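After this come two complexes, each holding chain A, first together with chain B and then together with chain C.
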Partner chain A sequence: MKVLLVDDEVELVSAMAERLGFRDIDADWTDNGEEALKMAASTEYAVAVLDMKMPKMSGLDLMELLAKDHPTMKYVFLSGHGSETDFKAGCAAGCSYLIKPIQIEDLVAKIQEAQG
Partner chain B sequence: MDIYEKIRPKFWDTDSGTGPGKNLFNYRRIWRIAIVILAVVALVPLMVMACIDYNVTQRSLESENLLRTARTTSNTRRTVAYFLEERTNALDFIAQHQGLSTLRQSQTLKRVFASLKNSFGGFVDIGIIDSQGRQVAYIGPHDFLGIDYSGQEWFTGTMERGTYTSDVFLGFRDEPHLVVARRVRDEKTGEDFVLRATLDTGKFNAILSSIDLPGGGDAFVVDTQGVIQTPSREHGDVFSKVDLFLPTYSERTSVNQILAKDGTDYTVGYAYVRGTPFIVLIVKKTATLMEPLETIRMELLWILVSSIIVILLVIVGVATYMVNKIYIADQTRARTLHRMEHTNRMASIGRLAAGVAHEINNPLSIINEKAGLIKDLFVFKKEYAHDDRLLSNIQSILDSVTRCGKITKRLLSFARHIDVEQDSIEFKDLADEVVDFLRKEAEYRSITITMDIPENLPPFVSDRGKLQQIFLNLINNAFQAMNDGGQLYIAARKITENRLIFSVDDDGCGIPEADMKRIFDPFFSTKKKRGGTGLGLSITYGLVQELGGTMAVESEVGKGTVFTIIMPLQGPHKA
Partner chain C sequence: MTQTLDTREGLQFFGRVSASVSHEIKNVFAVINEAAGLIEDLTVMAERGIPLQPDRLKGVANSIQGQIRRGDTIIKNMNAFAHSTDETVREVNFVEILDLTRALAARLADMRQIRLILGDCEPVSQLANPFDLMQLLHSSILAAIDSMDADDTLVLSVKPVNGGASFSLSVPGKDAPLKNDHVFSSTLQTMNVTVTVDENLRTTELFLPAQDATD
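Now for the complex of A and B:
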């Protein structure tokens, strides 16, 4: 099972990928939307973990673009902002929503849940 | 001084301050203007009324005096005329009743004289003079029988006119007397005789002196030449010329006001007594007559003065009360505005805090992940000491903590209560600090912020907190006006030795011409529905003024807006 991590904070996303690796989840990561689209095009990911707020392209925007080419892909959103509107947008898209900082176990659970 | 402290109104010692609102808050000026206007409006009609009233009273008193004098004069004239007429008629009666031949008999004349004295009184003597002027019969205290009167004026006057009333004169007896005479024709001989009686001047004088003249004054009789006939109190002795001007003959009583030679103003009533050479004079001092006016004037003055004092007291009281109310209202308004400013500032801080919380969450997540990773490494890899990766991970935790610290400090520097705090400020630092808060939002919205601030800009002394708020408000406003992907241009320059100019230039929606005048007004907002209070720019404007700067705006709809602030290098010194 391949997981794609997208967050503008490189340090965060790299550490997260490595920790998921310890838990037998094969995670690729990137810090921007364009790169994520390229990676998704070449590799089949089951779940995408997206940060809500990123420069240029937000998590929701990226999800829409990814959803066009990869209809089966599931999404988990991360946000540092406790904003209600973001929460509603995330939930409306029918995906999981986690508020940073997160517990890695919660994330693993969400990924597994999303994957079905 | 204690009483003064108590009654002194609150607004008295307020500083009117400087600037455009100077007259608006000069309470003493408002107070003075109110008092002057109220006093003029209230006192001028009062004084006009008092003057009119005084004049009317004076005029009515004068006319009343003239009327009263005229009445007294007429009455006196009537009394005098009646006195003389009565006696001449008595002579007529005697002449007709007795017949001249009978009267010439000494016994008869004596009897007649005695009954005249008893019934009428005032007779001194009685005599009969023949047509040659020789006294042929006489009854009286003197021995005047046989005296020749042919040269006397009264004799010729009587022979011509048939009746005569003389002046008061001394005559042969050398004491003042007056004479009434009748021409009588002897039926038998057809010869003319004169029946003559002397009247007692004492009786005559008594008539005049008995007149009751209110407020003093003189009643006396002069002849047509102005020679005084009866004693007067102030206008000369008997037989001296009166010191008053005599009017020409008139049937009617006349009253004139005359200025005597010594400067006294007299009110004089004249009446010519018909058929005699007498003029009755009633002389009163005008000043004495007008004495009631003095009382009225004093009363009027007293009422006027007390009214003026009461009105002035009331006006001053009311003006003080009202201005005090205005002052208190202004104070309340200022406090309310200040509270709103504070609320607005708190709202800014709240927004900032939310933003900052978001910013802190990212580094905290990293700390979390890195710490978790270290834990994982320990758990999964079973190796620790001298591990470079472990060290670099620890380092990255430290870096993140530092970042948190920085953001927290900035938050605190914003949230700090903004007192008057003079600080030496590098504008570059200030701008960086403010822009850093909004940099994330700018990134998300792809807004490019360009800063054009020279390195060699001199530091200036001002209130850091206020300046931060000014720039934060301006940049926030600019962000709200801009679309995503806009350009914000912040510049600073030194324009003179002691002034700096800053500008915040956006390419947003711009401000319509109609709104330009109102943008600095409190509560003016174009986005009220979206939660704008309309206080942001008004407070910004207030803050700039407080720091001694000026603020200007240029805008073009659709092209953008430039806010320009000119700030002194040395801020205002506050006491």
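Now for the complex of A and C:
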């Protein structure tokens, strides 16, 4: 299973990818939505883990674009705050989210749950 | 008695800045949390016989130290902002307050991929309500950002003019970012600030007259 991580905090997302690797989850990462679209075009990802708030393109906007070309991709969102307003407004049923700072085991569980 | 800005607007401004700052701090904690988790993972692997590389640990330690410096700056700025409500009117260093407001608005600008930088500033200090002044500058910066494109840079400056002070906003290569009739006209009126646009310099100027100590 390949996982795509997208968060504008480079040190966060690179460490997260490495830690997922230690848990046998093959994760690629990038710090922006445009690059994420390019990566998804050349690699098949089962799950995308997206930060809600990123410069230029939010996690929800990125999900909409990814979903057009990758209808089976599943999503886990990372948010800095507990407000569910934006999340519920923009995310279809089946998405899940975690509030930062996260526990890696919780992320692993969400990824596995999303994959089904 | 000095006239101050509308309380509700002031609270909204305070809330907006606090929300932005708390989000930044959350990010700092999130990165530190992940770095600490990585150290833990590397340690567990070492216990299982996989050699621990000193350079790897050093890199993670540097990351944590960098985030602590970042968090410290954020907290210092938030503390200075909070203390801007201590006195209604005091002698204010306008260069410092402009730079502080720039720093507090930086994350909002980052989200739009806009850089905020301090341009040429001349030393100027005068009596002012620091909180109201920050509210005015912050509103001006956000309004300017609304008229800008991604990858633009907003240059902020201040200099003494006619006993008062003039703050300027400009976007290199573009027209002046704000026009006279902008949305915070009530704020301008309350603070007796006038806005002018220098078409030649492509700069918006906010002129704040000197305030009388007995105001």
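Quick note on the criterion: the second predicted complex is superposed on the first by the 110 of 116 C-alpha atoms of A that agree within 3 Å, B and C clash if a C-alpha of one lies under 4 Å from a C-alpha of the other, contacts with A are read in each partner's own complex, and residues count from 1 in each chain.
What we mean here is this: a contact is a pair of C-beta atoms (placed from the backbone, for glycine too) under 8 Å apart; a residue touches a chain by one contact, two chains touch by 3 or more.
Everything numeric here is computed off the predicted structure, so don't read it as measured data.
Trainee: Should the pairing of chain B and chain C on chain A count as a clash or a fit in the superposition?
Mentor: Because the two structures are overlaid on the shared chain, the partners are seen to clash.
Trainee: Looking at A:A41, would you say it contacts chain B, chain C, both, or neither? Reply first, second, both or neither.
Mentor: After superposition on chain A, A:A41 lies in contact with neither partner.
Trainee: Contacts for A:A109 in the overlay, against chain B (first) and chain C (second): which applies, first, second, both or neither?
Mentor: neither
Trainee: Just checking: does A:M1 make contact with chain B only, chain C only, both, or neither of them? Give me first, second, both or neither.
Mentor: A:M1: touches no partner chain.
Trainee: Common interface residues of chain A with chain B and chain C?
Mentor: Chain A residues touching both partners: 9, 11-12, 15-16, 18-19, 22, 53-56, 80-81, 100-102, 104.
Trainee: Given the complex with chain A, which residues does chain B contribute to the contact?
Mentor: 357-359, 361-362, 364-370, 372-373, 376, 379-380, 393, 396, 400, 443-444, 446
Trainee: Mind pulling up the chain A residues that touch chain B in the complex?
Mentor: Chain A reaches chain B through residues 9, 11-12, 15-16, 18-19, 22, 53-56, 58, 80-82, 100-102, 104.
Trainee: Flag every residue of chain A that touches chain C in the complex, lowest number first.
Mentor: 9, 11-12, 15-16, 18-19, 22, 53-56, 80-81, 100-102, 104
Trainee: Where on chain C is chain A touching in the complex?
Mentor: 22-23, 26-27, 29-35, 37-38, 41, 45, 60, 63, 66-67, 110-113, 150
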